[in-house]
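Written out below as structure tokens is the structure these notes cover.
A, B, C and D label the chains in the order they appear, each numbered from 1.
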Amino acid sequence: MAVNRHADAAAPVRSSGPVSIWAGRHVSTASASLGRLVRQPFASLMIILVIAVTLALPAALNLMVKNASAISGQWESALDFSVFLDRDLNLDEAAALGRLIEQRADVVSVTLISSDDALEEFKAQSGFGAALDQLSHNPLPHTLVVRPSPANTGQSMLLLREELANLPETDVVQVDTDWVQRFHAILDIVSQAILIGAVLLGAAIIVIIGNTIRLDIQNRREEIEVTKLIGASNAFVRRPFLWTGFWYGLLGGLLAIGLVSLGLHLLDAPISRLANLYQSGADVVRFDLREIGSIIGVAVGLGLVGSWFAATRHMRKIEPR
Amino acid sequence: MIRLENVTKRFPGGQEALSGLDLAVEKGEMVFVTGHSGAGKSTLLKLIALIDRPTGGQVIVDGQNTRRVKRRRIPAYRRQIGMVFQDHKLLYDRSVADNVALPLVIAGVGTREASRRVRAALEQVGLLQKEKRNPETLSAGEQQRVGIARAIATRPKLLIADEPTGNLDPDLSLEVMRVFRRFNEFGVTLLIASHDIALIDKLGCRRIHLEDGRLQNDSAAEEEVLVVRPSTEDRWR
Amino acid sequence: MAVNRHADAAAPVRSSGPVSIWAGRHVSTASASLGRLVRQPFASLMIILVIAVTLALPAALNLMVKNASAISGQWESALDFSVFLDRDLNLDEAAALGRLIEQRADVVSVTLISSDDALEEFKAQSGFGAALDQLSHNPLPHTLVVRPSPANTGQSMLLLREELANLPETDVVQVDTDWVQRFHAILDIVSQAILIGAVLLGAAIIVIIGNTIRLDIQNRREEIEVTKLIGASNAFVRRPFLWTGFWYGLLGGLLAIGLVSLGLHLLDAPISRLANLYQSGADVVRFDLREIGSIIGVAVGLGLVGSWFAATRHMRKIEPR
Amino acid sequence: MIRLENVTKRFPGGQEALSGLDLAVEKGEMVFVTGHSGAGKSTLLKLIALIDRPTGGQVIVDGQNTRRVKRRRIPAYRRQIGMVFQDHKLLYDRSVADNVALPLVIAGVGTREASRRVRAALEQVGLLQKEKRNPETLSAGEQQRVGIARAIATRPKLLIADEPTGNLDPDLSLEVMRVFRRFNEFGVTLLIASHDIALIDKLGCRRIHLEDGRLQNDSAAEEEVLVVRPSTEDRWR
């Protein structure tokens, strides 16, 4: 009956092959765990709801950010710099300068507007058409419309503008400064807020889901204690809890996706109105399969890790010395 | 089978439950542990089942020093011992049959064989007709018998029972002791803590009396030790 | 020993005055409950963290909305309509029309810019100064700058614009339409999203805090059962749980305020940069006392209500029949 | 004091624990309930303490029909009864003394008076020196005695004990019975479920024997009923 001769010790007990036992145990434990959830519908639903709501928040935030950036990409057009060049630069020189500027990392594209084109456009748009016909010469210079890279922050935009203004060929750089600065200041705040929100939500899902599973398992501490006392290995004791955690995670994750989809459905109308404004047929960005997978993955993962820790913690407590 | 050498158990509060206990139980013996409330009977049984460890001395079970059983080997160690707990330790979220089957499931016994053994064990304690019930709906004595059935279902070589008849009437107590006796005849070593001195006397087994954590009296020293030699062919299995 | 003679039945037990007993019980239960929390620091901290994080999310959202609306009030200036009037309207007629428009509910203010002023400004700003001196007559009309009420939605803005355009005195209404529509479309989305977020968060705090306290109390079901069995009234049994809920709520609420303040601190720099852009010394909007009070109030309230329900539910379960 | 009229208790599963039981216990009697495991002893005591309700018949305690006790009056009803539970029902998150004090706190007894009574009750079961311990660190017999101390601390007029000596050695069992006997002499009515027939015989009290939920035997019908008349002046309080 020596402990180190385990196979020998277990001999009186006729067992089937180890793999089929392992698989069989998992199948029966999985269905037993699910059965337990179904038998306590209120308690299970509460826990699944907690997980779902907790996961829905960051998922919703993520979708919002994605939709916002899909839209805000098109805002950039409002942020072009108009670089009015010196009046004595000719068209070729202006084009050469444009190509040069276009090579900057913080610039997406440069469009050249010749002074003639500019005047035509101005006449058409300003309502001064007839009056300007009286002009003896074109007072407008060649202009480079510089579109900065969307990666720019408020700071780097200011820098870019300064550098453009300091070019010897530049007369004046015009831009709707207020809008640009506001836009970037707000973008900065939003991205910082999203970062803080993400950290808070990340902490929330770990703390909330972990704690919920911990409390649920603590309620079943008797099961841990008794099965340990009659010789179950840690793996055996943990198994039903891991399956419970798995089911909680899976069902919670699915419900989270459902909740967010519902919320998105409610946002459908205003978002598509906005999309229309850009004439971009751009639809509302929804979950793609990868995201659905990762939400469920996170849910199941947290369920498993949470129950693993909680069960192990309880087992430690009742271990001799 | 069991050898205790100068075993001391002192609890964190300073309470000394066992003091310098020396004891030897041979293979195939059936031994009763008596002593007043708080004498250290349960503590002794727990040390043997490795539910707790001694603060001093050695506990050697089947040649294996419990001190040297590492944490991850404890489950395998415990699986070799059948244990009846003083407070039953049943699980109230499953049926009586599932409770009794639990150690068999842990040992990886096939479903067919396990259910056969569960029914045999419940039969022996007279609870076969209640196998589908939840232990919560059983009387205290019935719960105690479920605990006994669970301990014998695995057919261990060593069976440890802590006050297995505390909630049973005299007839049933005798019945349970007869079950234990039959086990003993098949070579199982038994160590039973009990207060029922009348019953113990009736059985005429060796009796170890504890007093405040010390060995006060060992009937083996007086009478002939009652050892049922395990038969060469293990009939019981 | 008849049950309806309670005073008589309790007689063998010498009791002090009922009020002092009541107060004394509460004081001792309150400190005992707090002591229990302190004795299980890990479990208590987890639960308090859950409550704090759960409350921090809506509190942060609320602050964000408040800050955003403090800022966006100033955005309105970008949304003024320029109503160019017919060229044959004189200044007095224009001023009269302006006063008329100003009385509309969806308009905040109307500013009259005379054609002379407009030309001066144009000369100064456009860079065409010298060129325009050559003009024989002022081509610009009188203009009314109409500032719409911030209460307008994208829809009502369009309506307002149309109505202004349809006035017989109006030549043309100019507005940076894209910006206005975008701004309002985004505002619509944001307010809808905030509404959905608030509903989700409201559900979250109730579900999460309620469930956490439910599980915590379920772990102490023995206490409920035993005290009930030996004759405690429901009020007596509930008391320690209510106090536990109270402490959880209070500590969780305080921690929530701490978390949000920390987050706000991290947003300080970008927000004050934005505020500078408006030359408004407007500081970051922080919690006022009323809000701090209501966060703690909600936390404590949920703690109390949650523990009341959970404890009562368990008592129901063990009641005969 | 206690009158049962045609009491039946059928559990949801269809199990009938008590069938048409008639019984009368006078004020000041000390009565034992015996019967094999599962005979319905605990069920009977639970009906009297209003932990459960009968499915048929009347349970009348001190002139009060339990059927007519409304839910909100149950606590007041229970407070008049001292109950020793078969499974102790102690709280493991507080000390022994706090456990014993619990019914006194519930009854609103002042701290001074309560602690005096707690110590008196613990003294009687021989556990005064362990009052600061957590019940978890006590032996099963010690826990059982804490449960007894808790039941007697409130000095109830009716004391119900379910197997109060199941985990006690014969000496202590007799000691506990002596405590109960002393209570009885002060006019307390006692109803005790027990398996320890030797002990009951020694005490010579009335004995009610249940068999499968039916009254099998009532020693009062054979011998003289032992009623200690409550003294006019209540000396014990």
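Quick note on the criterion: contacts are C-beta pairs under 8 Å (C-beta built on N, C-alpha and C of every residue); 3 or more make two chains touch, one makes a residue touch a chain.
Here the structure is a predicted model, which means the values were calculated and not measured.
Q: Note down the smallest number of touching-chain steps it takes to go from chain B to chain C.
A: Steps on the shortest route: 2.
Q: Can you tell me which chain lies farthest from chain D, using the average of the Cα atoms as each chain's centre?
A: A
Q: Averaged over CA atoms, how far is the centre of chain A from the centre of chain B? Could you give it in whole Å?
A: Each chain's C-alpha centroid was found; their separation is 59 Å.
Q: Distance between chain B and chain D based on Cα centroids, please, to the nearest Å.
A: Once rounded, the distance between the two centres reads 30 Å.
Q: Just curious, how far off is chain D from chain A if you go by their C-alpha centres, in Å?
A: 64
Q: Which parts of chain B, given as residue numbers and ranges, touch two or more other chains?
A: Answer for chain B, listing residues that touch two or more other chains: there are none.
Q: If a residue has to touch 2 or more other chains to count, which residues of chain C qualify?
A: none
Q: Which category does the touching pattern between chains fall into here: line, ring, star, complete, or other?
A: Here the contact pattern is a ring, one closed loop where every chain has two partners.
Q: Could you list each pair of chains that touch, in label order?
A: A-B, A-C, B-D, C-D
Q: For the complex, give me every residue of chain B touching chain A.
A: 1, 50-53, 61-64, 69, 71-81, 83, 85, 89-93, 102-110, 113, 150, 154-155, 157-158, 237
Q: List the residues on chain C that touch chain A in their complex, please.
A: 43, 46-47, 49-50, 53-54, 56-57, 60, 64, 71, 75, 78, 84, 127-128, 130-131, 134-136, 139, 154, 172, 178-179, 181-182, 185-186, 188-189, 192-193, 196-197, 200-201, 203-204, 207-208, 210-212, 214-216, 218-219, 259, 263, 266-267, 270-271, 273-274, 277
Q: For chain C, which residues count as touching chain D in their complex?
A: Counting only chain C, the residues touching chain D are 1-4, 6, 9-10, 12-16, 18, 21, 25, 36, 220, 222-223, 225-234, 236, 319-321.
Q: Where on chain B does chain D make contact in their complex?
A: My answer: residues 11, 13, 15, 34-38, 41-42, 86-87, 133, 137-142, 144-145, 162-163, 166-173, 195, 197-198.
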